[in-house]
């Protein structure tokens, strides 16, 4: 009964979404000369960043990214706070089954490669598809792999939080340096170099690397917290 | 490819994302398990992210990355803005999901159940 | 600095100082309290000129304060009663907890009443009205008895009244663009028909609550009887008159200027009549003096409302005269009850008897006030009632006059009950130790009682200022013309030369008093309760000989059909019904997160369905 | 020039990242730094606001890109007013909760202060940003801090409350994203001013649909009727100061986002029936639900929702008087509700089951707290001469000028309900006998908490006795909200950012 009602409701809702998005007029009247063209043009001419998406994420809409990093930071803190227990002891890991030797050996083998890949992805964020978030996530998967392969694998929470904090602080400080040098927050104050070089794009790669660190440590921290949670 | 095909691709993307949103909503509205509700929320997020990407699509578009020698290819590039937005939206969705899962752990600790209709100590 | 501001600043700072000093020293607190009441009163009567105004603006709304001839009349009641009851309160409340708070609220409500009289605009009027409401509310709940029932009831009704008034005020503002009362009165005849009905109705609801007009009176009894008696004197004596004050402005300023005013008058007059009859009957039925006086206040306010509704100059004079007199004698009676309560610990007629020798001054004050209340010459109440009868008959309300006569007559019953219950009858051993109340309590009572007498003998003392005040409301210059119409009162208002008839009445009265006080008293032999023989039988120890039990049963039985119609239960069931509905409404918040998610979707859907209407 | 609006966001974020680091060295810093930051923000915001009142709107671009390309922050008479109010309330909340969780683990306290600070920062962000997607990000920052703060106490049903909040919050975030998608796909921009300038080029069916999804997206934070199921639970279960932060800061940001969207983004002028209808329903349902509440905080929560309904009604009138009244209501509510939550928390703290019926006679034992509660109640129900009266009066006069008599009547009737439930509590705490069986031996409020309450109480009295002290500010703010062309012009004409 309830399901039927819900299905009917959703059908109606879907109908309204459909007449909005599937209407041929939806494409016809679109303004195709919005900010997009400016972004594409300025990315090359002023920021010298090959990857426009990165330029947008880090520079044009860098403020969003700062907020986004804050959201991640908040999520990690919130996890700690929500799962916080009065008796402060490190819980037993929930996953108690030992991994098979194939997995553990493979993990050992793969771990450096994954880290390396992650680092590559966020260092080349301004040149190739990829960037801090993607790279950070990859690194976190490396740690996830280690955590599920080795029961005793542990990471110092302090180190994680120091890296995390430092990355965040530096992000804001770079933003503020732009503020001091150029007059606006997050404004580029470094030479932009030439397009398609590793050292190009001004502060973009630096920020993206910081984001990479932050995402990696935060995701690892998240995984670590949840893994050590006894349900 | 002719224009009709492109329309079909585009509409297909939109339709898929709408469908995803509806599926997610269905899970949120009918499933009793907290975990499934969160999965439903994630599916909604997925649908919306797809929709967001979909509006950046242009015919025969390429990725908005300038390779050496193609510095003036911007006319052919898809809209980069939705991609940047979706990156942010994904991360935010991820953060919310993480918090939600932590809350579920807490709820399970407290109520010893994952059924949403049994967790209503707070009402009226 | 404007003297008007100074008065309010003195009141306010005095209130705060009294409150704070209460933490330090009791004596200082009492002194501060009395000073705060006396100094602004003296300032008011000496420094304030009629017509003097101060103007300022708040939030772009022009406001103005100033006293008029008309509000000056009420200032007599407020400040006179305020000061006297204040002196009384210091003694009466001695030893109670939290007195700083009591005095704070006392001063605030006096200040608020003065503010109401000063307000020449609706906003200040409302502000002071609300300050008066909440400060009196805090007095009602001060004793902590039946707080949830009585206090909340008082405040709900006050809020209904106040908000009805506020609605009228904002409508007025939107129609005239000004908050001045004079502008409202000026522009009122040009309003469209609906507004001409709505605004007076809303205002009358507001004022009707405070003046305890019939369907809105249910708060009055509980509140009057629950607040400390020292305050009830002000509450019933002065605060309820603020409702009368407003009502007069509405009836004279607005209602009389539109053709439909006739119906307003009839309806209000009949409501007043019902109030009078109902209040009287219920007063008769009470065994508790506080409640009896509370009902009696309701009834008296009913008379005053009738006079206002009739609206002829004589009726207005009568109403205002009765308003002032009622403030005096009801204030005295409440104080007397307070004194009895302080000395004996109870206010029940069935328990306390024979206090006449124990508390002679209280008795004297009560006696005079009761005579005034009952409307027996030469005390003031008589003149008011006489003028009222005359105006009611003069305006051809014959049915109304029958009702009024009925309730006036019935009022004698409770008047007698009050005197007999407390003061007459046999002395009980239990009350042998009772002494007269302290002088600070007795003196204000006696002063007020004497005042009642003086105003009864020289009505012109009040009637002249009232006359001047009525001119302010647009009544023609009367200068004694109207009360001269009464056979009994030829020229009393104008000259202090007493006519023979007055001498006669006065002589009789004085003689009677002298008789009571001197000769007869000495010859009386005091015996114990059981020292009687009734039909040859000597009563046993356990037999109850207190006559005050079951007073007037036959009468009450005969009027029972009238009294069965109580309005309280309807309000209560309405309130319960609303609570049940509200309780049902909050079940929307089921507590289930999934349902809330459903609400989101349904809400979205609703908006999408009606989307064509959303824009703009 | 003392600084720039961007610091209002950057400094708290910096401090939030710093706190975990500094906490390693000296634990007390964790408590002090948020206070310093919030205090600094208050001063900064106030001084910027004074500048704005004197010289006109400050538009701050970010990363050096002018308005439609980069994100920009708009510090106008309206947003400056709200930002100053929020930072101030945030500081007061910090002051109140400075010694909060003193005896408990350092970790918990650390997180509490981080979340609180980011809650304030996020709310400011919602208000001063000029970009709809950026607003979405800030809404999420506020959301996640709010979830975490709601679930702060591990022993209670707080996780349940937070979970409900989270479900509704993420559904609304999805709706907001759909709205953003619609706008971007049609207009190709995310900048509010540019959207406002071009909104009439958008085909009406998409325009209305986008508006609907915006309403749903922001409605959860703004606590409009069917979307506020989370609010009573969250207010009840969150720590006391957090309830006041919700009522004083977060809701205000939500309401602002909603009216900015309606007034500027969609450039609607004249009365907005939808806001009036939603606001009335919210008001009536919330106030009637509050009547029979057993728990004090829950009652306060419903009251808060109801007040926000009234604010929306006032905004919905669309006239200058209406907007003025709404802003006045917001200001008063932002001052009064925290006071009620502060003092109410101590009352709740001293009753065993958090029930109102167990607070008998606490007024005698904790005179200051009870007096502050009574003052707050008097003010919020609109008794003169306290602050709430003037805002209620402005709402009513604004409604009367539009001839909305029915609304006046309903608002006044609802006010009576409001009086009933507030006075029940006042009666209970003052005029009932203290009962050891139901109350615990009172914990007296600490000095810092008393100071925080006293500041708010003084403000209530000042505004109550001299409402003209704020009327100029509110006038400027309401003019700013209604003047869409100027907003567009200010934002789009700012080429380079300000220098200092």
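So that you can tell them apart, the chains are marked A, B, C and D in the order they are listed, and the count of residues begins at 1 in each.
As a working rule, a residue touches a chain if its C-beta (ideal position, glycine included) is under 8 Å from a C-beta of that chain, and two chains touch if they have at least 3 such contacts.
All figures in this text were calculated on a predicted structure; none of them were measured in a lab.
When chain centres are taken as C-alpha averages, the shortest distance to the whole-protein C-alpha average belongs to D. Between A-D and A-C, more contacting C-beta pairs join the chains of A-D. Averaging Cα coordinates per chain places subunit A and subunit D 30 Å apart.
Averaged Cα coordinates give subunit A a centre that lies 73 Å from the centre of subunit C. Centre-to-centre spacing of subunit B and subunit C amounts to 69 Å, using the average Cα coordinate of each chain. Per-chain CA centroids place subunit A at a distance of 16 Å from subunit B.
Within subunit C, the positions touching two or more other chains are listed as 586, 589-591, 593-594, 597-598, 601-602, 604, 608. The multi-chain contact residues of subunit D, meaning those touching 2 or more other chains, are 133, 137, 140, 144, 147-148, 151, 154, 159-160, 162-164, 167, 171, 178, 184-185, 190, 205, 209, 232-233, 289, 293.
Multi-chain contact residues of subunit B, defined as those touching 2 or more other chains: 21, 25, 28-30, 37, 51, 81, 85, 88, 92, 95-96, 99, 103, 106, 119-122, 124. Residues of subunit A touching subunit B in their complex: 2-3, 6-7, 9-10, 13-14, 17-18, 21-22, 24, 27, 32, 34-37, 39-41, 43-44, 50-53, 56-57, 60-61, 64-65, 67-68, 71-72, 74-76, 78-79, 82-83, 127-129, 131, 133, 195-196, 215, 222, 225-226, 229, 231.
By the touch rule above, subunit A contacts subunit C in their complex via residues 6, 9-10, 12-13, 16.
Put simply, subunit B touches subunit D in their complex at residues 21, 28, 34, 37, 41, 44-45, 48, 51-52, 55, 81-82, 85, 88-89, 92-93, 95-96, 99-100, 103-104, 106-107, 110-111, 119-122, 124. The residues of subunit B lying in touch with subunit A in their complex are 7, 10-11, 14-15, 18-19, 21-22, 25-26, 29-30, 51, 58, 63-68, 71, 74, 77, 79-81, 83-85, 87-88, 90-92, 94-96, 98-99, 101-103, 105-106, 108-109.
Contact residues on subunit C toward subunit D in their complex (touch as defined above): 57-60, 123, 126-127, 130-131, 133-134, 137, 141-142, 144, 147-148, 151-152, 155-156, 159-160, 163-164, 166-167, 170-171, 173-174, 579, 581-583, 585-586, 588-591, 593-597, 599-604, 607-608, 611-616.
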